[in-house]
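Think of it as A, B, C and D in the order they're written, each chain with its own count starting at 1.
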């Protein structure tokens, strides 16, 4: 369980718990960290977009990472350090590493257009955070408007020895994962860990295409842990049966904007956090939406008793 | 079964069949129209993006609509006329209506930014196509980068008596549908038909929120027809059981770029078209992808024998 | 004066004249063509964005090109055929070439992101219009959101023997032109004509960097013709004196949206067209704006008597 | 000379001076502040995009503002606090105000689309920075992809008593300024200061349309100071003669990316800063570009001896 090019399993995007009045809920940070460990995750990603990172100031960010790291013990914690400039990125990375993080994750700014500009960006980002800080590259065109071909990703991996992981959440992702693994097999790219996101909507097939696991914040990380194990053990039908039972909820949770509210609502129901509050600006759930989630959970519970909440 | 503000059920986005050498497959146009009628659709949308409309020239477009209309009989056919200017839009609309279409569908250009500019655009579009041509507005921010609030949609509906339908494929869509229906109930918007798209990924909940049906090209329109009936009949659990069995495939088919290849592959398997060929530029399926679809179909067939192909 | 890789001088973006009621003003087409010839242009670009191309239907487009070609005599006319799909592009190109155009101009769709996707697009566009149709590539990131590095442009030039001209209106353009010319000198790109646009705002330095001339619709194409001559003759100070006198107006005319209204207002004053009307949707000039243009012209007239209107 | 709704004159966007090795050049901060004061500016904007703000970490940012404030004396200093979230914005604003800033400037994030979302954003931003912190709204669609109509700006002004200034750098800007001033005259918007940017390319006409001055980083702020005085004194021809002499250089300096290098090169020549170095990632000037600037300066010097460098 180290954050390196062989990382596998589930890196959960950690929720950041708040009190209803907007203060950080430090008791719940411990609680949610414990919850993730009990779920069997192999890593925790703090300060992701779904972790409400932009709503934290620098001191709070460092504090959250520090507490997560202490509670997570041997499970590595990485921190999102995507920023509008290299100075805040460096500051965030330094704070995170000082707080005990195992590495960081970096997404590109939405202004990049040509292949060369993307490659250059990651070179400069690596220089900014320091050569010794291992990092994951977040490939998420839908959110960041930057498209990287497998060849461009291979150039970045070659350029930056400290790039140990690709978080592939391109859409579609499947052929891309196959192509990346083929580049490795053909000796055109060194081995890196590939985890996938997009809320987990394609994770069952992504595993079969060669991903090492998932990095997403789905409210049932324990299901994802089981799924990875079943898939890697070649128990295909069981893996898909498990996944398909969860897909209606996964799909519901993946809705932009409202997704985090869904996720916190369920995490609270599961006892992982004390409140489902978000710091402002917050999305919220209508009564109808909450009823829909309850219905989704009740349907899921017929197959997976963990959903019996 | 008229294209007006009370339209309901399933308007399928029609595939456009080609021969492997790129010629229009006119025999398959009849065949796929028959297939849709047998599926029980209440309308057909020709020349949608998924219908490879930009790959047809003006004569071919008119010919496709004309043949679809003749074969569809009493089932209304509407035509996508989204265009980079009002002159080609007018020409497309005129061709389509001359060919017997019941109406047209219009999406906004990606350059629109303010509320007023969107409202103005639809006023000018309506003037361009003619006051007497009923039209559906396509609200699809993910594809067109234009966001319309419910209030803006209500302004457009008020402005344009010939706007009879909203195709809501905003993401998320659920609260938006509820808000639009509330505007109607509160007397702040006249009744219009609301169909939903996004590949059908949320159609089960969209129906419960007040949509009148679906407008999408999912390769099992017959399932969508059944779903609408079950949902409207209040047979909730049966509706969700049916939908959830299809969701793994619906999700797979919704992948950008490759989705059309998936759709045509299945339509061919179902005998609806002779070839799964796309005109260039075409996406294609790897052997792995085809095997994944076959696996998805085999899993679906355990629940829905229509997938036994 | 042929449209090929050695084209130089001024290709003016032709205004399309309308009557106040929106009908094409065919008498003014002859008149404006004569005006351009008297100005000494070496080429005419019809159906550019500034030519209100999207407001014309297919028959009108072909008619405009045909009339321009007949009137222009030996001066080559090229036609903008940028389109949302290859089928309408092919139809536009065929219509234009049938009408006697010397070639076409193609800008990329705003959805392209990676280097490879841009290269692929131009290969497919060339196949669509036909190998024998010479074309200009329009490199205009501000309008089309697609960025092409010099290396990517060189790949496109190598790929497509029928690509004879680059219209460089990247912003900034100067180093790009120098780099492209260096690629030629170094034998890494074959010679192509480079004209520049952006309303002419940088044309004085672009010429010094190696461009062959201008392709823009500035209302004083005769000034641009003189400027190219002075610059190519090495009469640097005179060239800049002339250009700088026009820059305040060039800058005013370059305003997005309102620029075409400025241009037509001046063309009408110069007698080149009968009305300054635009077909709807049209921008218009406030009384204040018209007074500003008159003031700009009166100031310019102190230096260049052609502005004495 | 206070930062409030009656602010006028020139708020210069301050350059941030660096040593060639990337360290902040604190001696030059004093020197450039003195230079701006000698130029007669009425305000200084620190930490703008052109001030390389994203390349500074939080401590450096606060230090720069603090030193500028101390040196500027009675001339108000405002600080750019545009940020990807309200937490870093609050932190930046607090640091800036603690350092003695007179207020802050806020641009919207590029993800905003509807009128309501823009209005909501500024309400939340004002809550984040505190009700007592006066702020300028930066309206710069070309950079931020957010378009705000005059009505939307009026809503934001009405909503936020602490919004005292609009920096209008929409393109085009002229009718927008006229419309905003008419909204004030008609009693539909309270008086706010309107300064303009866009590198100053339209400032001569913007002043005539009702702007109160300029906020830009042009390397001759003394010219802008003179221009505002001449324009406000009704000495129209003199104002335009002065401006037009500078326009070739203003236009050259406005080039994206390379513009800051041009600006620093001239500021160094004028003795305002010790080095023209930028912190990485930096744009740079080719020998050809430097020669072009020297030529531009020599031409300008024929009219304005301040350019005799």
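We adopt the following convention: contacts are C-beta pairs under 8 Å (C-beta built on N, C-alpha and C of every residue); 3 or more make two chains touch, one makes a residue touch a chain.
Owing to the predicted nature of the structure, the values given are computational and were not obtained by experimental measurement.
Chemist: Looking only at residue numbers at the subunit C/subunit D interface, is the share used by both copies over half or under half? Answer same or different.
Modeler: same
Chemist: Would you indicate which option in C-D, A-B or B-D repeats the interface seen between A-C, with over half of the contact pairs matching by residue number?
Modeler: Selected from C-D, A-B or B-D as the counterpart of A-C: B-D.
Chemist: Quick check: how many Å separate the C-alpha centres of subunit C and subunit D?
Modeler: Between these chains, centre-to-centre, one finds 33 Å.
Chemist: Report the inter-chain centroid distance for subunit A and subunit D in whole angstrom, where each centroid is the mean of the CA atoms.
Modeler: Roughly 38 Å, centre to centre.
Chemist: Can you tell me which residues of subunit B touch two or more of the remaining chains?
Modeler: Residue numbers touching two or more other chains: none in subunit B.
Chemist: For subunit C, which residues count as touching subunit B in their complex?
Modeler: Counting only subunit C, the residues touching subunit B are 53-58, 60, 83-88, 90-91, 110, 120, 124, 127, 280-281.
Chemist: Which subunit C residues qualify as touching subunit D in the complex?
Modeler: Listed in rising order, the residues of subunit C that touch subunit D are 171-172, 174-175, 178, 201-202, 205, 208-209, 240, 244, 247-248, 251-252, 255-258, 286, 288-289, 292, 299.
Chemist: Quick one: which bits of subunit D touch subunit B in the complex? Just the residue numbers, please.
Modeler: 113-117, 141, 145-149, 151-152
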